[in-house]
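We just call them A, B and C in the order they show up, numbering each chain from 1.
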């Protein structure tokens, strides 16, 4: 099973390398938002406690939606999806493999977006290790729901509107936890950062297990 | 209701075990019954499913491949099925070789790279095997998809309009591949009429109006 | 088909009985709420909106738990009756979530001085509303019955598990930031007995109403499903 999941993730990563438009779109989106924020509200407001982390997580969520939608568009282009679903164990491997691959892309987006924020807003991070861990957990916690929603709206015309409507309320806890964890890490409040990071981890585990249980049957 | 059950059972040799079957299967798509209570058993050899566009051939194949749920009835198909739809199912961004390798590895086919190279050669893709598939022509992609017949030997093979987009040479290659296929494999070919494949078929069914009826059997 | 046709006894006998019971219940609850229960010592007459607000919120939660159970039932057994129950309950749930939000807002303006406040229960209810509107949207945009039921069931399961998670995270955030919450000030420990009785009657009346609406909506959905099935036979 793990071998098959890795094969799907590897196939995705390889295709992403040759057709980087989805990843480039997500990174551009992230970078533009980060830069726009300080231009629109001014560097003083942008540096206020919690503002930059909140923007970071909201932007990352939309980057995840862009990446996942692009990934499934490619699957539909030549009915490649059917080819995988018809393989023995293909359904389960497809969902899990997509989670891995999209988490990988998001890690790149998060890294670039985060670095841009650090540089342009001149943020002093008190606990860089905690910040990195919180960000990594968040990157892993977003795809289960985002991929689920993209799968559920596959081949529907209104999917561009439906995915955010379905994903935002479910991911609100992750966004809240991520924002608070990163804010605490920047401010140097270690217990708070750890507590929120554990919460992201818990949410991530719940939704991953739930997704792996019920989503594969719904892929069509 | 009048029973319109068509079965291959009466045509196959008495001891021929079906390798795959749909029984009493109904498939509903968009609130419309595309197939109604069909029975379709596949024994070893070539079976042809013939019918006009929109008759339900594709749905029957997809039901066998497990890609559409049955509203009623049952599906009994072994895990090693090769389903080639009317589009080539190759992931854009990968080359033909990488696509074939992915499918083979997924089935746990082992690491014989030479077999993939031979298959690509045989289907005339020697020069284009390492180009991303989205830059290949429709016919070339079709050939690459058919090369999976060589790299993924399966008990049950489902081919949906395999002659579409093929030039004369490629059609010859396909007919040759079907003739050479191991006699233990059950091969189902859906077409809207193709004389050469009809001649190869052990069993022939007509699909129309949501039903599947036997047309003839070769002695 | 193994369609255990929606038991006739439910539509023929129980549904009219529920209709009568919920109308009587509604009349009794209205009379108690407007005439019998005393006005609130601090808030005065406006507090009577509680007798609509609390039962609506209760129904919202009840309805979504039923959606969850029906969704699990569909994924487990693929019997269309479960999908019919899920859609019926979701529609009623969205209606009463909306009613709870609106009645709460009307109540909040004279008592707290604002239409809306970022308090955990309010945020959770609003998030729940958006989720189930999304659920109904997804249903209305899918044409294929089986696909619609399966996709909706996934959302029905995720959404209900999400409710406590949203509540927890928002509560935590507020606790840590120590936002001044208006609600905590008015945590009246002792409620007048007549108020309590009225509230309980209200909850019972609303629950009867839910059962009636659910049954009526499910039987409509079953007829629709059977018509589709007949057309294919």
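The rule is simple: a residue touches a chain if its C-beta (ideal position, glycine included) is under 8 Å from a C-beta of that chain, and two chains touch if they have at least 3 such contacts.
Just so you know, these numbers come straight off a predicted model, no measurement behind them.
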item	value
Farthest chain relative to subunit B (centres taken as mean CA coordinates)	C
Chain ID, smallest distance between chain and overall C-alpha centroids	A
Pair sharing more residue contacts (C-beta pairs) when B-C is set against A-B	A-B
Chain centre separation (subunit A, subunit C; CA means) in Å	32
Distance from the mean Cα position of subunit C to that of subunit B, given in whole angstrom	49
Inter-chain centre distance, subunit A versus subunit B - centres from mean C-alpha coordinates, in Å	38
Interface hub residues of subunit A, defined as touching at least two other chains	220
Residues of subunit C touching at least two other chains	150
Touch list for subunit A against partner subunit C, complex	145, 148, 152-153, 156-158, 162, 165-166, 168-170, 172-173, 176-177, 180, 192, 199, 203, 206-207, 210, 214-215, 217-218, 220
Residue numbers on subunit C that touch subunit A, as the complex places them	75, 127-128, 130-131, 133-134, 137-138, 141-142, 147, 150-151, 153-155, 157-159, 161-162, 165-166, 168-170, 172-173, 176
Subunit C contact footprint on subunit B (complex, rising order)	1, 26, 28-33, 36, 69, 71-72
In the complex with subunit B, residue positions of subunit C that touch it	1, 78, 143-146, 150, 228, 231-233
Residue ranges of subunit B in contact with subunit A within the complex	62, 65-68, 79-83, 85, 87-94, 98, 102-103, 105-108, 132-134, 141
